[in-house]
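Read from first to last, the chains carry the letters A, B, C and D; within each, the first residue is number 1.
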Amino acid sequence: MADFGFNISKPQSIDTNDMDVNRLQALEEKVPSFRSCISCGTCTATCSARQFGSFNIRRIHNLYRWDQRKGLEKEMQKCMLCGKCTLVCPRGVNLRSLIIHIRKALADKK
Amino acid sequence: MGNLYDLLREDVRFEEALHSCMNCGICTAICPAAEFYDYDPRKIVDTIQRRNEDEIEALLRSETIWYCGQCLSCKTRCPRGNIPAVLIAILRSVSQRMGYFVESEKGLQQFAVSKKVAQTILDIGYCVHPDTMKYEMHTEQGPVWKWYTENIEEIAPRFGANYHGEGPGALRSIRKDTMEEINKIFEATGGKELMRKVETGAKNKTNIRNDEDLFNLVYNRNTSKE
Amino acid sequence: MTTKKHYWNEYQKEIADDKYFYERSCIRQTFFPGSETAFLRMIKEELGKDILDVENQHTCTGIGFYTDIVPLETTMTIVARLLSLMTEAGYENYVPSCVTSFGVFSEIVDLWEHQPSMLAKARKILYDTTGRTFELPKNIAHPSDIIYKFREELKEKMRYRLVNRFTGKPLRVVEHIGCHYAKIFPNKGVGKAEFPHVLAGMIESWGGEVVDYPERRHCCGFGFRQYVVRANRGYSVANTKKKFESMQPYEPDFVVANCPGCTMFMDKWQYTIAEMEHKTYDKNGFGIPVLTYEEMAGLLLGYDPWELGLQLHQVQSERLLDKLGIPYNPNEKYKSVSGKILPNPEKPQYLRV
Amino acid sequence: MFKPLEMKEKEKASRSDESPKPREIKRRLKAVKKIRRKKRLEPEEVELPLQVAIIGGGAAGMEAASVLAAHRCPVSLFEARSELAVNVKNKYKIFPDFSDAGQLVQTMVKALDHPLITVHKDTEIVEIIQEPDAYILLDNKGVSHTVPAVLLASGYEPFDAKRKEELGFGIYDGVINSLQLETMLKEHKVVNSLGEEPKRVVFLQCVGSRDEKVGNHYCSKICCVTAVKQAIEVKRQQPDTEVYVFYMDLRLWGQGYEELYRQSQEEYNVHFVRGRISEAASTFDGRIQVKAEDTLLGQPLKMTTDLLVLMIGMEASPGTRKLGKACGLEGPYGFVRSKSVHLEDNLSEQEGFFLAGSCKRPMHIAEAVNDGRSAALEIIKFLRR
């Protein structure tokens, strides 16, 4: 392959045509409240891990929905499972349980 | 209100470029740079409209303001009539003025841009010219370009070009008196000052005094994975 | 299957019909000098119009402006100087060959309209530095606007049509509009920004079929600083790649663009992609020819392909000429002006020529 | 108790010609007052011998007509089209309780079946002349109508999505507007451009609303809940279809709306994406590709769909624009301006000229109905003053 001093950039945008909807369905069966999220950010506002780093738990919902495995893997280890998010969620999303199941799902796929 | 926001607002283009942003993301959705860089014009517009001095300063020192390709696709679409690309241009202008551009790899490239574009304008009156598009600097242009630049004197007249000639026509030499006027305009309007600022800033930051060495460094260096 | 009910927007901008002041384009002169020559020939000889090409013109600084290395005040005053040449020559209709320049002039004139103090400033600096004065143009039109306006008149003189002579079917043409043609000011472009009719109108009236594909409006990827600096070229080429991937299923016969930069990039990047990734976007590995609109019109008018400068394109055009039924002499392709046969360009490793 | 005027009295008050002269209006009103005093009747016990003109046979105009008639005020209802309540009729079910729009229209039409109501279909009011104490209305058939009071209820028209060229409406078959989807839902036939059941349906909010590019800065306010309702209906009819709604804010302000939103998520698995779609294009296989940013993630995204539904907003109808302008009541965006949005929202700057419904601003059906009703009461108050 020719070398011209640069590489051709790869698209960064989410291509929803590539996503595997079955993974989402499987998660929703385990944590039905996943669907209720309204992305209000109350969880992030109270998050303990957020105080010390860049973790944004609100984003988990969208990352999972679009099957953004790479982004999820980076994020998932930052949570300390304190469960405050679950207490404050105005829609009753069981975020703690969600994190546990997503971690499992990511591990299973490996 | 702090200093940097005011500096941005002093630019005559600012008033038209930012009314108010509702964060709809329509600009990012079709932005070519957002497709290939970790880049989000919406966030930049929002950062400016929040008027947080620390955030604006971070922006002026960042890589992110150098990703935009100035295609202006965002202007066509914004439902609030903002022009993200022009805000970027204003940020870049202030970043260079304040000397912040040297803090980012992409910002430092302005040294190469200055040599390759602005200096060419001052030297020969063109932005781009076959004489300055050397094949070695543009191998990706391919063998036809190599062939053309090697044989240009013999082949350009076939296309009606007046390569290095006097009088009108494509690729003519631009008259000395015209070049003098261009130089005067650059001096009087801050064009040369900007070039000097970029040069001094880049040299002080990198401690490289040799033009060619510095040029090669910023022209080729790409430490990001993008 | 693409189902489509209406095609291209018919919005008509105002285009002056004679007495043009021509501003040459740095990029077009560099890469497609034959196109500017052909345009002037069409305007003068085919259409019998008056167009002036003066000696003491120069760059508009557009690339410097959009790479943020030339300040607004400088570009504005350089624009003022170019306009002073027009005023001096007694012309009112400004015709910049480059789409970037078209954008610069539209932006600066718009700025002056909204902020008269900036116009006063430009007048003052120009006068102080050069003793020159200027009037605002009555009309700013891109040369593609003018070809569009007179497309039917030119058609009458054309010897060929955009029809595949082997199949009798219209050629499938991808039109690419430079971003700064109508995205900045939709009203300044024929057919506005979303379905610009400027090239589509030429293609349709000259017998071809316009290809509508998902990334039709996407930028070629030039991105000014994104190409000027080598380290950034991965971005630039990626955008062209995105466009070609999107148009590939439609099997276009060629691409035509009104911006010289886009024409050059979409041509040359096909070589780069082929050499870097072993990908081409036609079935046979030759790539898809990319023409300027002047070249497209010139070919149909019967101008010699090698005088137009088609040999300066990296993607070769002989197969397209065959489809159009346009004769060419292969021996003339690499000749110098004095008739000397020059060595052929090297062959790319992967892209077929 | 209502007491009709005796024939002789009626003749005294009114003349046989349908359209009295302006001076006649004043005389008649006086005559009624006189009779009333003589017979010692309450104001509402006397039938008014004067036709009130209602311009626009939509939700507001129809409701106003039936209320006026019930209060013994004769009404001429002018509708430019050949049908009444077209905007309601074009719908299938109404949020938030999924009431049947057809039945609603039937009820509304039935209420017009009253001896004091004359419905003039295919009758467009082309000119309004103000006289002291009266208005003369000229219709497209060349007939003039002189009335003591006018109610303008000329309504809205759905935004023409063709104006947003980049969204491909009217260009690609896979792009439809929310009204076309209503029709599909009504026929239980939600299909893509090839006539197949769509695997994915994408809704886009704010088409023609909150958009400087089309000159409409305002929110049309019913589209959010309409999309939620339609998303649910799509899922009810085709549970396997994936549904996405692209929005900037979900403005679910009415009673039961937020609950409907929640239901759409939890029960019907409708996905909401925060980001405005920038453009839509046809793919090689005839589907629709859309581009937006997931602004909650800060990443651009690309999605291919079988059907893109544009949630079109409300704009002043041509009649509203024309008459509003002619009467000097033109407000923002071509809607008409009331005297005050708080306490005098059915009044205009001109005495005897009343306003109701979505000719003033976007309204949903119930709002327009209520507004028509309140306008009727204002008119009665005015005529019996």
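What we mean here is this: contacts are C-beta pairs under 8 Å (C-beta built on N, C-alpha and C of every residue); 3 or more make two chains touch, one makes a residue touch a chain.
The model shown is predicted, which means the values in this text are computed figures rather than measured ones.
Peer 1: So which chain is the furthest away from chain D, centre to centre on CA atoms?
Peer 2: It is B.
Peer 1: Roughly how many whole angstrom separate the Cα centroids of chain A and chain D?
Peer 2: One centre to the other, that is 43 Å.
Peer 1: Roughly how far is chain C from chain D, going centre to centre by Cα mean, in whole Å?
Peer 2: Inter-chain centre distance comes to 49 Å.
Peer 1: So the centre of each chain is just the mean of its C-alpha atoms; given that, what is the distance between chain A and chain B in Å?
Peer 2: Centre separation, chain A to chain B: 37 Å.
Peer 1: With chain centres defined as C-alpha means, what is the inter-centre distance between chain B and chain C in Å?
Peer 2: Averaging C-alpha atoms per chain gives centres 21 Å apart.
Peer 1: Residues of chain B touching 2+ other chains?
Peer 2: 30, 34-37, 140, 220, 222, 226
Peer 1: Show the residues in chain D shared as contacts by 2 or more other chains, in ascending order.
Peer 2: Residues 166, 274, 279, 294, 299-301.
Peer 1: If a residue has to touch 2 or more other chains to count, which residues of chain C qualify?
Peer 2: Residues 194, 217, 230-235, 237-238, 242, 272, 275 of chain C each touch two or more of the other chains.
Peer 1: Could you tell me which shape the graph of touching chains takes: line, ring, star, complete or other?
Peer 2: If you draw each chain as a dot and join those that touch, every dot ends up joined to every other.
Peer 1: Okay, in this complex, where on chain C does chain D touch?
Peer 2: 1-7, 9, 192, 194-195, 212-217, 249-250
Peer 1: Of all residues in chain B, which touch chain A in the complex?
Peer 2: 34-38, 139-140, 220, 222, 226
Peer 1: Touching residues of chain C toward chain B in the complex: what are they?
Peer 2: 24, 26-30, 33-34, 36-37, 53-59, 61-64, 66-74, 76-78, 81, 103, 111, 114-115, 118, 125-126, 128-130, 132, 179-180, 182-184, 186, 193-194, 217-219, 221-226, 228-239, 242, 268-269, 271-272, 275, 306-309, 311-314, 335-338, 340, 342-348, 351
Peer 1: Would you pull the chain D residues touching chain A in the complex into a rising list?
Peer 2: Residue positions touching the partner: 242, 262, 265-266, 269, 271-272, 274, 294, 296-297, 299-304.
Peer 1: How about chain A: which of its residues touch chain C in the complex?
Peer 2: 1-2, 4-11
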